[in-house]
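First chain A sits with chain B, and in the next complex the same chain sits with chain C.
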Partner chain A sequence: MAKYIFKRTLQSLLSVFIVVFVVFLLLRLMPTDGYFTRDDYQNMSEAERQMYLVEIGAVGNPIKLFGEFMGKLFRGDLGESYVLQPHRAIADILAEKIPYSLAFGTVSMVLSLILGLLMGMAMAKGKGKWPDALGTGYVVIVRAVPSLIYLFLLQIAITGLFHIPMMFSERNPVTWILPTVSLSLSSIAWYAIWLRRFMVDEENRDYVKFARSKGMTDWKLMKRHVLRNALVPLAQYFPLQMLLTISGSLVIESLYSIPGMGGLLVEAIQEMDNSLVQVLVILYSALGVLGVFLGDILMVLLDPRIRLTDKKEG
Partner chain B sequence: MKKSIFRAVCLALVLLLTVAALTGCGASSVSTTEYLGTYSTDVTSLIPFYLPDTTGKKVISNVIDGLIETDRFGSFVPSLAESWEHNADYSVWTFHLRKDAKWYDSKGKEVAPVTAQDFVDGMRFVADHKKTKSDMSIIKSVIVGLEDYYDTLVDFDDPNLAASKKPEGPRETIEATFDDTVGVKALDDYTVEYTLTAPVPYFESFLVTEIFLPNHKEFSDACGTKFGTAPDQLLYCGAYILQSWQRNKEFVLVKNDNYYDADKVSVKKIVLQKITDGAATVEMFKRGELTGTSLTGDQVEYYKQDAEWGKYVTLRDKSSVNYWFFMNFESPNTEFNTFAQNENFRLALYHALDRVTIAQLYNPYDTEEMLTNVICPEDVCYDENGVDYTDYAPLKEIKERGAGTYDPALAKEYFDKALAEVTDGNGNINGAQAGEVKMGRTFSFQTDGKLPLQLVYIHGSSSDEVSMAQIIKMNLEEVFGSENVEIVLSQFTGDKYNDVIAPGNFDLGYDNYSFKYADPLSQLGRLVTDGAVNDGHYSLPEFDDLVAQGSEKLVVSERYALFAQAEALLINGGYIIPWESGGGTYGMTREVPFTAPRGGFGLSRFKYKGMQLSEEPISAEQYDQLEQEFYAELNRKNAG
Partner chain C sequence: MNVCKPNLKAALSESLFERIPFDPEKSELTGYSNYSYWQSTFRTFFKKRSSVLLLTIMCAFVLMSLLYPMICEMIPGWETSYRNPNFAETGSATWNLAPCAEHLFGTDNIGRDMWSRTWYGTRTSLLLGFVIAFFDVTLGTIAGALWGYVRRIDRFMTELYNIVTNIPQTVYLVLFTYILRPSFWTIVLAMCLTGWLSIARFVRNRVVAIRENEYNIASQCLGTPLFRILIKNIVPYIVSIIIMEVALTIPYSIGSEVFLSYINLGLPLDVVSLGNLVSVGKNSFEVYPFQLIYPTIILSFVTVSFYIVGNRFADASDPRNHI
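Right after this comes the complex of A and B.
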């Protein structure tokens, strides 16, 4: 196991490095016109524009620039944003935004885990009966209707019904509820439908039939055997989802005016804020790789039958 | 088991909803001292001297005052300057500051008095390209010594400039020359004087722009590169203080009770929230969570039928931004290039474009009211007798053409004349070659050098833009006949200026142009040969001459007479086809119209000083009445 973890860590570091390096180079291949607006062309001379490009690190030897960037990074300096929030430390920007996405993301993940798993269990238990039909109806609606439509309708309807402000406000806790619930709707459906599927699979296994014939109670059988086995394939994704809550939700955050991380990467790319793009790429790719890694390990812990290294012969 | 799960789920939901219901009870009443506004794109930085977007202008105009401002009629009135005068030829302007204006920090604590030196330091800040980008190009050549000082600093910092060509350093020495060489002087603590390179009778209109704001140098130096990045990185001398600024969320401005003009400020708090969704703002307005909302074309149609809200839909005043069509006189498309040089063809286009139908896309009602036939905006520039610039001959006649420029029969007549002049009678276009025309990296098409003339119209990727392009295609092909003209639609996704206009990858297009100061030169000066917004690259020496002559006249009516002739040349020669005015959007609001400062340029028009709010939304009827009263008063003022 230790050897495996060591090997995977090296691999992970290498993949993050490659992603970051490629993105860094691609950003330098972009045409430089995009850094200037029409007014800039009127107000800045060619020399001024060149100086600006040098200042923001858009021109120059990319390998050297990459070296400088990595050097700073190891000293804990994420650099400054140039376009979106000129002269603000990227660390400050992240420190300001991440807590919102993380808080909403975590609470909604817990909420969707609880509700999703409960719903999945209910559907599996009542397979073919009304709980299953009801659940399937919910899943189909949530997954098939474009989320913007039902999320917006929900926002209008619920805030209107209870006379609460439509937008999120830090000072008013009642405005925290609806975004959290909205954020959970689709993942509840996701957990429910997969858990139902894995549980139905498990329930048809011989060991379940055997246990039942031995007179084991339904509840015990569920808890001890079916649920645990059905959770294994789902568990693999928990760490990844947990970590990527940091990236926020573009739709929910813009719908409720939450100043979180959702859309920051897209905006940074559109506005060609290279330094910010690079940091976000590192952050997201590192979290992504770490999440998959942790998922694999979690699976091993949950299911002793799974091994990550080849079993030695003899 | 089954039951318990459901009970749990139901219980959780009921609990959530009860909590929500209990805490959310009681709809708040609409305040008349709190302005609740929105914005859609975030401000990048609040350096007062560089405000590329409206939100930044809204914030800074309310927290930092300039020497003068415009009142609700758009006339220049004292702000930080109590009085001012100029010499006989308008080249030296002296401003006398009021003595009770102070700088305050973000907590409202008094820091220092506002002095004449702050205005000198404001210009010093703008004149250093390392401090900030700015809208320098409009004043660089206006103030004595400014251009030289600015360029010397740029040359000094330019790493690509040969050492022999570099000005002598160190940088501090060059910076020190500012006080002696640039025409901004503090004569004493409360008198500031601007010396101009040439007579500028309309100099006042520059003073309401951000470039002329004061700067407390000691404070901005201490902030360094963090200046303008947070509320505590700014000092305030305006009606409001920026209390908080949460990026991507909201600005909160509170009234400064110690402000010298505090009794004119009735809105005590301004909250600007970032909301990107137009449907949400309408709903929030209806619930009293916002002071006003704008409406899209579809929403207007919906709400006009609404029994409760229909009466509140109002059309706001036009802005000074004008839209016009331009064509490419250096098109890589040889077929079009031949036609573009022909005046009869350009006039054919002028009379063929059905501007009303096109504008209906954006404004389904009152469309004709939004059209404009001129380049400089109406109701912005007045001469010494109160006569509007656009009422000067021959512009007045052009202005009054209204929607009548659309005349398919006349267009066809001009087109037939053009055909006779630029084709050989067998459908071959003179000077046009067969072959591939490349426009940009991705767009190319084949021409055969024969009729039909292939004309490339460029448009953006939004649904409105695409519809507009299709309307124009149908419109022109119908008027001229598809055997004569084929409109080729070319869609761009990137930046219109960088990808399309600057490299000349188009035949016909349109854009909007803001008006920067109160003189027709603001627009005409940029439309001369090689001018900054001469997007089609035409050259019309007669026009250039008239503009040059006009800009030398000091008596405003004499200037305007020459400018009006120049502008008429562009329009009557079909070089530019004016389309519609900006602004004029539909909306619903609780803001009493015509109470806030007005102006076609600069910062004053974004001020909330003087603005009155109403508890009830303003009905269209009320709006019309207030509008009539306002214009009657304005005309009386201008005449008197």
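Right after this comes the complex of A and C.
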């Protein structure tokens, strides 16, 4: 196990490294005119423009620049933003924005786990009856209709109905509820549909039929056998989703104007704030790799039949 | 011990049976079952009334969005175009009209008919969905089947998958629309770049599960070429996955286009698409809610019917659900 973890860590580091390098090169492909506003471009001389481009690291040998960037990163210096919030340390910006996304994300994940798993269980138990039909209807709407539309209509409808402010406000806890619920809607559907499927699969297994024929009560059978086995494939994704809550949700944060991480990456790319884009990509891909890794380990802990070292050969 | 009574024995005499002459055609029939994969798939699918109803709705929408732009007199933007002979008359009087007999869905903020814009938009979005689904699924299935079946490339593909999926999809979409100009094909390219890999991964997992079956080993021993094994032995098993992926990719692509328009990275504003209609309608929702509501209803009907029909058809195409 220890050997496996060591090997896997090295692999993960390598893939994060490649991801960042690719994005680093892609950013250098952008036309350099985009780094200037129209006024700046006209007011600066050719030499000044070149100086600015060199200063923000937009031109020059990409390999050398990449080395410098990684060196700084290892010393714990994330660099500073150039365009979005000029000359502000990126670490500062992140420290200001992450708590919002993390708080909303964590609460909504707990909420969607509870509701989603309950819904999945209800759907599997009432297979072919009204709970199943109702749940399927919900899942279809959430997954087929573009989220922007139903989230926006929900926001308008609920805030109008209960006369609560539309926008998020830190001092008014009533405004915290709706974004959290909206954030959970799609993951509730996701948990419910997969749990239902895995539970239905498990229920047809021989050991379940055997336990039932021995006279085990339905509830005990669910709790002790079916649910436990059905949760294993889902549990693999928990750590990843937990970690990625940091990245926030673009649609929800912009609908309720929450100052979180959601729009930061898109904004940074649009404004061509390269240093910020690089840090965000490193952050997200490192969290992604770590999440998958932790998910695999969690699965081994939950299900003793799964072995990581053997899996690689298969 | 013979318990048969003599009279019964006499009754069972040869005269009761008739000898049938050897018929080579009929002797073939014993090993023949009239099971046809596609016939059974369609029969299973059409057995449910609701599936037929949804399929009809879906076809009606697709036909409407294809045919309407051909037969309608109003080209989007025509009302405000200088080439329109009535251009001088069309002024603010036709702006933001509520739905009426002449404009079923009302008009937008410069007097363009929302009904025709909605159908033009549906056509653009459906076309986008179909093109993306086609490239994604074709590439994904071929790559996935190879990935699952050929062991040597497994390691490489897994690493590629890890790297590509670790970059948030927004990064690709935003980078591509910035490096290239925002256009139909830019969105297709950016969506397909990551889309095919996740389908390939899904297909790969199924292929790995059936790779070791005896009939594959038999084919290998007989020297069947790789591509024939893939097409004849492997692909029929994953038809239901392929169909489901097509059906899910179309609503997903339409949704992504709406999302991209919302963050100003969608199709250029002069192209009528559902995403552009929704983001314009959203801004004027407070005053003219119909400008968002009607295109949204059409959009939702299209995506939901595709989603359900796709799922039902995928279920029907799974041989385990055939009778």
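A few notes on this one:
FYI, the second predicted complex is superposed on the first by the 310 of 314 C-alpha atoms of A that agree within 3 Å, B and C clash if a C-alpha of one lies under 4 Å from a C-alpha of the other, contacts with A are read in each partner's own complex, and residues count from 1 in each chain.
Going forward, a residue touches a chain if its C-beta (ideal position, glycine included) is under 8 Å from a C-beta of that chain, and two chains touch if they have at least 3 such contacts.
All of these numbers come straight from a predicted model, not from anything done at the bench.
Look at A:Met166: by the touch rule set out above, it reaches chain B but stays clear of chain C. With both structures placed on the common chain, the touch criterion links A:Ile269 to chain C but leaves chain B unconnected.
Looking at the shared chain after the overlay, A:Leu118 reaches chain B, while chain C stays out of its contact range.
In the superposed model, A:Met44 lies in contact with chain B only, and not with chain C. Judged by the touch definition given at the top, the superposed model places A:Val16 against chain C, while chain B stays out of reach. In the superposition on chain A, contact of A:Leu240 is made with neither chain B nor chain C.
In the superposition on chain A, A:Arg88 contacts chain B only, with no contact to chain C.
If you count the residues of chain A touched by chain B and by chain C, you find the higher number for B.
In the superposition on chain A, A:Ile149 contacts chain C only, with no contact to chain B. According to the touch criterion, the shared surface of chain A, contacted by chain B in one complex and chain C in the other, consists of residues 34, 152, 156.
Chain A meets chain C in the complex at residues 15-16, 18-19, 22-23, 26-27, 29-31, 34, 140-141, 143-149, 152-153, 156, 247, 250-251, 263, 265-266, 269-270, 272, 277, 281, 284-285, 288-289, 292, 314. Per the touch definition, chain C reaches chain A in the complex via residues 159, 162-163, 165-168, 170-171, 174-175, 178-179, 208, 251, 254-255, 258-259, 262-265, 278, 282, 285, 296, 299-300, 303-304, 306-308.
Residue ranges on chain A touching chain B, taken from their complex, read 33-34, 36-45, 47-48, 50-51, 54, 83-88, 93, 96-97, 115, 118-119, 121-122, 125-126, 131, 152, 155-156, 158, 160, 162-167, 173-174, 177-178, 181, 218-219, 222, 254-255, 257-259. Taken together, the chain B residues at the contact with chain A in this complex read 1-2, 5-6, 8-9, 12, 16-17, 19-21, 23-27, 42, 44-45, 52, 129, 133-137, 151, 154-155, 157-161, 225-226, 229, 246-250, 273-277, 279-280, 283-284, 287, 289, 494-495, 497-499, 502, 532.
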